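Consider the two complexes below, in which chain A is the common component and chain B and chain C are the respective partners.
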Partner chain A sequence: MKRLDVDNLGERLTRRLAGRLSRRSALARLGAVLVAAPAFPLLPVQRARAADAGAVAQQGTDFSRAAQTHDDTACNYWRYCGIDGNLCSCCGGSTHSCPPGSQPSPTSWIGSCVNPGDQRSYLVAYRDCCGAKECNKCSCLNTDHAMPIYRPQANNHIIWCFGTQSFEYHCSMAVLVGLAE
Partner chain B sequence: MSARVALRLVLFGLLGVATAAAANEPGGHPVSQLMPVQVAYLTSCGGCHGIEGISAPRAVPTLRHLTGSFLCTPEGRQFIVRIPDVALSNLSDQMLTRVMNWVVFDLGAPVPAGNAARRYTVAEVARLRREPLTQTGLTPYRERVVARVQARCAAAAGLSVYGAAYGPGVKSGSPKS
Partner chain C sequence: MNPIAHKAGRVAVGAAGLLMSIAAGIGAPTWAAQQPAAADAPPVLQSETAGVTPFAGLTPHELSYNTLDGLTGGGIRVIDGDTAKLIATVYSSQYANFAWAPDHRTLYVSETYWTLGNRGQREDVLSIYGGPALSNEGEIPLPGRLISDPKTNTFALSPDGRYAYDYTFQPAPGVSVTDLNARKVVTSVEIPGCGLVFPFGKRGFASLCADGSLAVADLDRQGKYSVHRTKRFFDIMKDPVMDESVADRGSGLALFITNDGWVHPVQLGDAPRFDPAWSIEVAAGLSPATSTVGQITWRPSGQVPFAYDAPRRRLFALMREDSPWNNEKAGSEIWVLDARHHRLLHRWPVPESALLVAITPDAHPLLFALSQEWLWVMDPDSGAVLRATEIVTPGLVRVRGE
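Then we have the complex of A and B:
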């Protein structure tokens, strides 16, 4: 039985390579592989992880990573990243209109939320509807970009009914103001 | 079709889907692209003073077409930077200067001609905000500043709406009403 002659095989391979390739060419190829390798992570899982880490570093909060864009009666709807109170969308109004019988406050606080649909940041006015009994449906508390009460301009726990006829709180809207970036 | 062309088509397709998703937001009115100075104004001031500078004028001063009048006097020019919520805002000296110039010369225009009617510089705003009006009764101080501004410029008549007798619109049901 003929045994596998590793010595012979190695010699033939080396000689063939040496006959075809110059030393410089071999070194150049080896160098290129070494330099280029880190730019192409080899496993798809690794690539996906790297992409995720990049997105997190760029923008986003715990809220925005779990946010959705189709149901504005749920607390994780993207525009509600800083809302505190009852969603007007559950009370007969919408994200931008007060339920019948209540009035929009002329004052609000303005925060910003990332839309997961396009990963861009939008300014959102959290405007309360006032002058009717509290709606008490879909009560949410999210705090992105909200400040403590000693910075009341950006505090979401305040009843934002300044300037209306009544301070009775009904529900909160999340009115889109514009694209921030 | 080469691979590159195919890749471009796929990328444009994805872009189209993303744009459509934003435009189709339920209740979405046309979304405008905001300048950095507008973003700073809106997140620091616009909630109460109004997205377009139009507020509930007795509760919060209206800025639109009015703020420019404060530049009728050097005192008025200084006053609007030294208001505590302006001076102590979270904005940098550079951004606060941009916001002040935008609020005065764009939102609050016209600025009546006079020796105080020039744009703020960063150095000036940085100096003024280090002296916030925290040791003084702000309401009577504002009344005195406004009276002197109005004596100089007729366009400043509207500055008196804020600070006029508080109507039933503010905190009804509280001991103040």
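Then we have the complex of A and C:
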């Protein structure tokens, strides 16, 4: 099994952020991430999730066996294996963009889902879009390897709106982070 | 039809009707007084004064729940289990938690507001409600709190009702301790790597930790909180203890229950006593549940899947037959377990399926099962559904003493 290449992953994330964010915005988000850093030991989590994902990919959970790759407005879309809330794809956004009127949180919890298209496990960041009233469309609750609230970095019940202007929950995205294998 | 003209027409008709009603209201008594009363005419109805129905405190058979509905917003509702009727509703923010004082009349609501609705200055408060009208009696500012889907054990009172404990996460985890007599937060206790709060004794509390241990916090000789960790008693990656585990506020007995139905009885205290774990499935004569992918068996499941009848030492568990990692879906049966001898006493099917359970603490208890739309009041000894009522989507439930 290939190990997760954290360096490459970090580089890709940094380049992507740099391409999309203004400096002020980047500083604000960096500040939020720094504040959150002590509570979210992301690298060990990602390694642990990657190890889990390997087992999941081999055996398959109920969700992964029924997952599909063509409709991201359905709860069984493959990236949604651990999502809890309204799908942003049904609210004017997508799996990786917030609907207009809301803003993405710089914090998230991390899950890993198997893509039936290539049978690989991917790390997925479940990021909430915040600031608008709850969308109330396409409500899903998938719990593959979701953890209790006292392990917050893998919990889907917390409102992940830290670092945004508003804590009002609107919807949830499932942003691809990279391969988990 | 021009909709604006149609609407204007309706407004005009409505205004005319209102004027006629007012005119009739003013003129009627004079006119009526001039009419001879028929011998068999019913007595004139008495005039009324608007008020508030007195609230006598949460009775032994009443259930309170907070609403989790994006359209309705927050709110805490009281339903009488003997009639299935709505008794009272208290305002709350979304994602609030709440607890009743030992007097059963005072309600504490842990909640969060922003000055401009969805933005502005954030204010975390412990709101106090009470009196004959269950009216607001003030707020205590909090240093912060966790905002999440409702979780029972994010907020609790000490057994004597003197202190309130609020799990905070912003994002460093901690517990704020509020003196309810003095109406102020006295301290905040950091619990790194841990979460939730299970009170014991005068001032102590325990929290579950991600490494499988408990964090135990209590006052030291200097009157300050010190925190220490216990041994690890579960493996979170294989079979985590569920957030909605139960603890009896009076005795300090906690039943920490895992996804696969292993019950870890722990007598909370400065030196917690860990009794041997037992399996709900084994108590029912089944093989133990495991987290093996594809193993379909009965496991506890739901939003609030457990209720504990402390006087009779009975555990009520909402159960679902499914694969691992499906522990938040609705359960189809309530299993009644003897928590002392680890035996299954009954399996009661619930109408449709249920997400939450509660048991009243009195000598003749009522069992509640709740779905997103319905509350069923059941007899815990026969499983019979006694009555039902439609409800707003529930978040968490509390009965008297909780």
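Just so we're on the same page, the second predicted complex is superposed on the first by the 123 of 181 C-alpha atoms of A that agree within 3 Å, B and C clash if a C-alpha of one lies under 4 Å from a C-alpha of the other, contacts with A are read in each partner's own complex, and residues count from 1 in each chain.
To be clear about the criterion, a residue touches a chain if its C-beta (ideal position, glycine included) is under 8 Å from a C-beta of that chain, and two chains touch if they have at least 3 such contacts.
In this text, all values refer to a predicted model and were calculated from it rather than measured experimentally.
> Which holds for A:Gly178: it touches chain B only (first), chain C only (second), both, or neither?
In the superposition, A:Gly178 touches chain B alone.
> Given the touch rule stated above, what does A:Gly117 touch, chain B (first), chain C (second), both, or neither?
first
> Mind working out whether A:Asp62 is in touch with chain B, chain C, both or neither, as first, second, both or neither?
It touches chain C, and chain B stays clear.
> Look at A:Trp109 in the shared chain and tell me whether it touches chain B only, chain C only, both, or neither; answer first, second, both or neither.
first
> Touch check for A:Thr143: first (chain B), second (chain C), both, or neither?
So A:Thr143 only meets chain C here.
> Examine A:His96 and indicate which partner it touches, taking first as chain B and second as chain C; both and neither are also allowed.
After superposing on A, A:His96 lies in contact with chain B but is clear of chain C.
> Quick one: is A:Glu134 in contact with chain B, with chain C, with both, or with neither? Answer first, second, both or neither.
So A:Glu134 only meets chain C here.
> Look at A:His157 in the shared chain and tell me whether it touches chain B only, chain C only, both, or neither; answer first, second, both or neither.
Second partner only.
> Taking the superposition as given, does A:Gln165 touch the first partner, chain B, the second, chain C, both, or neither?
Once the two structures are laid over each other on A, A:Gln165 reaches both partners.
> Just which bits of chain A does chain B share with chain C as contact spots?
Dual-contact residues (chain A): 107, 145, 151, 162, 165-167.
> Enumerate the contact residues on chain B facing chain A in the complex.
Against chain A, the touching part of chain B is residues 18-19, 21-22, 25-29, 31-34, 38-39, 42-48, 50-51, 55-56, 58-60, 85, 90, 168-174.
> Enumerate the contact residues on chain C facing chain A in the complex.
70-71, 95, 112, 114, 118-119, 122, 146-149, 151, 154, 169-173, 192, 194-196, 207-210, 236-237, 240-243, 293-294, 322-329
> Within the complex, which stretch of chain A touches chain B?
Those residues of chain A that touch chain B are 69, 72, 94-97, 106-112, 115, 117-118, 120, 122-123, 125, 145, 151, 153-154, 162-167, 176-180.
> Going by the contact rule set out above, which residues of chain A touch chain C in the complex?
For chain A paired with chain C, touching residues are 35-36, 38-40, 48, 52, 55-56, 59-62, 84, 107, 131-134, 136, 141, 143-152, 155, 157-159, 161-162, 165-168.
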